[in-house]
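Here chain A shows up in two complexes: once beside chain B, once beside chain C.
For the complex of A and B:
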């Protein structure tokens, strides 16, 4: 029985799938030649398949492995392989337990040799097992086996051992050599000695087995023998160097696909006089999540992925329909706020909730105006009655969103030191015209085009409502090219919908309440799960926390400088070395997404631009969409990511946010200087 | 095949004198700030007593007890070997008592292998149960900064390139981050969790499960139809070893296990059970004990002494 009985999205990792399920749940992307076109399994050029956690590397690599080829070609596996033109041998580096090949009183060079030998034995066994499974028992092999074995046995320094007479005997010999080596490596922790006899020269069997088989067996002639080496990040630098050398010295008919997390490539160096492999020359790179993220067909792919899950889940009872038809109608399965002019439906609750009392955003504005009046920073306002007048002019009771827009424009004018009474009158008039459709190019139309999402977010916050991350398109956007993220979000939403008594994907759409809770839970999981292994993990997470706090402070300030603030641009070269390192790690761990370059407003310089992973947006109530990017100064970035500068963070971020906060907009009267602490990130918010 | 459950398990008085069989030539204990560790050390009757101080607890030199062994080596094999060579030496003919309460797990596990290598066939292990963990289910035993997940020295098996039916059995403790990290490290293995039940105290099982649930996404759900949760008493290494044998036999009978990983993250008695099971039955097979090695551990997580348990552990010859 499948463990998807209760929730079709329960399984979110390819490793939890059986080979059959990898095949059953396979969904291709509909651009070009799909994933096969991207991964090029028949290409002799080695490839690094890089991607964040959950980008689908393992699913992809397993899809090209021999067990999956068997499933796809049940009728005649050999003919299928011949048709595919490759045979895939899959290896997980974590199964090598590679950390034991170090220290224990031995020199590093010794471990380099020992590990290379171990890997040779390991890869060779996998290759032989695969070949035996494919051609074992055939008359073709029976005819040629003795010659092939003799050729391969000649590559092994057998010493006193009898020469194997069959491929399975050869495999048993390799297993025996491996066990002998395991014993020596493991005991060295106790004995501090490492008595090892290396019986095979590097690469001899890794390349020799495919060469001998391909040359001898017609059924596999012309096939590429493809080593699919996954979880490469599990190997140390010197261990990767050995694999890099295999890539560099690759011999036909072999090739390699190396799967690794973004941070997983520790070196491109090889043992060939320490030369580095070069992209385009010794290997090519497939950056899986970046490709998916930027692919116009990603949304379609994501929907097909969901539809496939649902089809498998409902296999027994569903009426057969095409995957594409199901995928297209998926959007209707999620409740979304009804479309209405000026978001009236979405914000109607404000009218009821604050019936007979002042709405919280006006209360906040009143406090700021009173404070400003006291310090004489309210141009055009002279007495408390003027404040009442301003508040009255900015009201638009039927449309709370427009009231938020009015206040936002008012803060803009205030910061520009306009006469506030006149400004509020003008804003009120323009609002009336906008509501009645008589002012097509108004400030409101333009402003809402850019700021609507932020103003709604502020409105929800002002009125103690959770932020709304709802609708399928939102979830696809949140996943940022990482299909596993999408599945995890849906898993949580499905679980909450079921808990709330709903029947997800069966009739009524999933409520916004279930969607919000599910997304929020998934975001918390992502945050917890993102913690990296090692000492620097905490540094990265602390930096990300500070960045999220800064973005939140800006988004919920009176007059945010950037809309949908979840990205920043920076001249990385001017930041500290630690900052650069932590920033690099944050990117490699997919906590930050590199979204290209951005010209600096004041110079010709092109700055790097990063977006906080969208999955983290709900944690700080941020936008998942990217519009404006906050231009950070190097000292600000250092304060975010460098532990030697973090004590400056509060001050710098408060200064930033203070520039966007009434009544002083960063120009605190000298007499108030000592009290400026309450002007910062957490400027007073009056909540019910 | 050894029947672990007939091995001796008894209780020593918290306040009164200890019986004659609870006296040793050598007594070893790991220094922590916990009352339960210090009181037992003071009380234990032995010709020669040894404190050892682990670097992960972060004690300053001036906090070390007199004549304690300390080393900055974080390699469990190097540390234990160095302690043994400098403080114990030849143990032939001498009785040994070890208070496992304050031991950091990988050191304790390697120590068992080391003892077996030194020809020790029997020793007494003491474990003192706390009255309560200070922050209940929020208790953090480690700083949760995992430096690496790897095999424990002396418990590294000879593994199999075929990974089609690998299993990871986790002794699930309070540190959910550690569970998550170890599960991530052997992501492809099917996961089994062994919970401490009966727990040390009645409420600890609930706390344990609450914490372990937080690692749910990393542990994952599997397409097998067997239950992925088992139970063994939190304070009984011998039943723990028997439970492991039972789990492994059952899984193996269904389909031969290709590689087996054991990760003891729960109570020290359970850790002892995992190590004894490995040494007795899984040496030189495709089985390893793996552990998420942390930067630091909290030297004080509990209050009070509830019971002092004594286990007589038998080790196989190497």
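For the complex of A and C:
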């Protein structure tokens, strides 16, 4: 049984799809000329298609390959290719088993030559097979085949071999040469020899075949012969150097699209006097996930992607549906908290759960006030009865969210050393006016605009509820331009909904419970899957763990410094070399997302800004939305990412959170501890 | 530390999607858990313990049972015969010699199900034949073993050319049924043809049960594909299920709980499964009564109980 008949989101990797499925599941983005406009398959300028895992590189590259062109142009493939103005030859570097081409007692330069020869044979065969499939059996080829073959055979040092007389004969010869080479390479570990005769000069056939075909066959004249080389990260540095050289020495009518992970480009160097290829000169770059993330049509694209999956799924279940109808109504398939004034519906459970007893956030406030009173850091409060008064003034029993807001404002005033009795009275009055709609530009209106998500998150945590990552828009947001993330989230949600006895996408919306568990499971999967092996990988994961812990501490502190805290800004150049390296790796592995620059508040300097991948947000109960960014000092970043400085992390993190926590807000009385006054590194970093 | 309940649910969900043939969805689990007392906040939590037991349930679906039937034929029947043939022919590996000799042995073999034709042993023969591409004529009913000598009550073998009788069953718990078959049939076969080979092959057996058949019967061979040692006995001292000492889970509480409910369902002696087997095992076609009754009990006229993996009882009229 096909995986997708059980769960429409089961297959999340394009590599697992057949050509027909690549075509069936293809969804374009509706901005500009869609993906064709982005990938420019007719452009002679080579392109690096870079993107995180699951950004859609393989799907995109396979879509431009010849087998897909055949599916799209069933009626007349040649006319279709002529119309497309390109013919695509797709290959995955992982199928090369590139680790064979090293060591075994041979010199490195020998392997460089052997690998280049192997690639020449491989690419040439793929190109020839594609051309033969496209024009084989046509009278046009029959007329010109002998000349083309003669021209190409002349590029091969045949030695004792008979000259081929047809393109298929030429292909068979290349296959034979490759098999001989395979034998020599595979046995070299045993024989410690590498008896290879290189019969073709680099590039002669890779560029020669397209040139001869294009010049001789009218049906392919004007077409670009496009090598689509995927999973480039599987090649070693010297192997990439060979491909880079092909890009640099590119000859018409050929071009290249190279698909690689963000970290996959090991070198831009070439064999042309070791010169490096330059972006804009020898190649251009398509940063796929960044483009999708920033594209205004991404949400629409994401919905169509889901609708396409469902259309295929429902086709298997004989339920007629249309893509657009599905896409538009998808939002209704997910249960969300009902919209209500001051989130009354979402928080109504608090009223029932704490009926007849003190709500936990007031209990926390009471403890802080009692401690503060004891240490004389509660301006305006002199006796326990004052505490009762404050608690009473801040209450708004029908609306727990407003109570949380009241307490938050109270903490702000407390930190600013306002008279707490007066402050609570004012907050209570303003709350009352806000509820009755009689206030103008109130602190509540403004505050909730910025802090509502964080206050609700705190409320859920205070009352032992799971954080709510629900609703389609949330999932699209979480995916951050990586379509596979979206599919993985939905795969887990679908599976949980089925397990919970629901019928997802068939009538009743998927329950919030299934959505929450599914997202949480998907987040854990992402965390495990993103784990890199080796010491560097461990450094990255440790750093990400510390960062997540710091963000969580801030988000759930009494008076967070930044709202929706999941980003930080930093002057990277002043951090340690190790920090820079680990930060770079974390970005290349899509654990951190580069979200541009941010001017430092005190200087003219533009700092880099990074967001923790939203898929990791549920792991630390963080917000998936980006608002405030924590301005970190280089020393702080080192404490997060550099193993030589991590012993400082706990102290620095505690100090940071302490500055946002009542009753001392970082100013611990001398009698209570050694710390007093400003707390070192994190001083003056918080902004109200 | 991660709370146990969601962890167990997630484990069961994975089992349900991959092995349990979607027989345990959350509503069904909730309905089953409702048989147990809800948590009172004080003392051990019955539902948590029930869920823990369920998360350790070993279920063998259609695909697995068919795979085991292939293994039974291959490992317990075919390979040993091929070994004999090779040994008798100077360890030959010549398939042109081995194949016809094996075919001759196969043709002189008859496969039989254990138990009534409506029971699982006979039911499995159909899949056994399918999975191993065997011809129909190799399968007989027990009454087809013998025939009456003309006009007398004395029995004789119906086909004297048959040299092997293979009895097949899905499960051997106490070994009682194997012993009965030996007494009723095997001894008679041996009397009539002392060199006939009679074997008892099962998919699953407790070590004790198959040991009893080996030691106390006339079967020439008694073997199981999947032998369950004492660690599969749920509340034994070396129970595999309680090795990872989880703070929320108490083995003796769990045993008391299962015994208490089990006593209301069946006799005290069988409260933890037939003859105190204490197993946690179930098959696509049925759940053996050796499994804890709290898992399968759903008998008419009995205590009201929603089963998780229902057992289809052997009703007698």
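One rule holds in what follows: the second predicted complex is superposed on the first by the 661 of 688 C-alpha atoms of A that agree within 3 Å, B and C clash if a C-alpha of one lies under 4 Å from a C-alpha of the other, contacts with A are read in each partner's own complex, and residues count from 1 in each chain.
One rule holds for everything that comes next: contacts are C-beta pairs under 8 Å (C-beta built on N, C-alpha and C of every residue); 3 or more make two chains touch, one makes a residue touch a chain.
Note that the structure is a prediction, hence the values are computed from the model and not measured.
Trainee: After lining both complexes up on chain A, report clash or fit for chain B versus chain C.
Mentor: fit
Trainee: Contact-wise, after the overlay, does A:534 reach chain B, chain C, both or neither (first, second, both, neither)?
Mentor: first
Trainee: If you stack the two complexes on chain A, which partner ends up touching A:358: first (chain B), second (chain C), both, or neither?
Mentor: Neither partner.
Trainee: One more residue to check, A:446. First (chain B), second (chain C), both or neither?
Mentor: A:446 contacts neither chain B nor chain C.
Trainee: From the overlay on chain A, compute the angle at chain A's CA centre subtended by chain B and chain C, rounding to the nearest 10 degrees.
Mentor: 40
Trainee: Per the contact definition in the header, classify A:341: touching chain B only (first), chain C only (second), both, or neither.
Mentor: In the superposed model, A:341 contacts neither chain B nor chain C.
Trainee: On chain A, which partner's contacts cover more residues, chain B's or chain C's?
Mentor: B
Trainee: With the two complexes overlaid on chain A, what is the closest approach of chain B to chain C, counting only CA atoms, in Å?
Mentor: 7
Trainee: Starting from the residues of chain A touching chain B, keep only those that also touch chain C in the other complex, and list them.
Mentor: none
Trainee: Once bound in the complex, which stretches of chain A touch chain C?
Mentor: Residue list for chain A touching chain C: 495-496, 498-501, 517, 521.
Trainee: In the complex, go through chain C and note every residue touching chain A.
Mentor: Chain C residues touching chain A: 6, 10, 13, 16-17, 22, 25-28.
Trainee: Could you list, by residue number, the parts of chain A that touch chain B in their complex?
Mentor: It comes out as residues 1-3, 10-13, 15-18, 21, 91-92, 94-97, 99-100, 103-104, 122, 125-126, 129, 178-179, 182-183, 185-186, 189-190, 231, 488, 525, 528-529, 531, 533-535, 537-538.
Trainee: For the complex, which residues does chain B have touching chain A?
Mentor: It comes out as residues 75, 77, 81, 110, 113-114, 117, 144-151, 153-154, 156-159, 161-163, 166, 177, 180-181, 185-188, 214, 217-218, 220-223, 225, 259, 284, 288, 290, 295.
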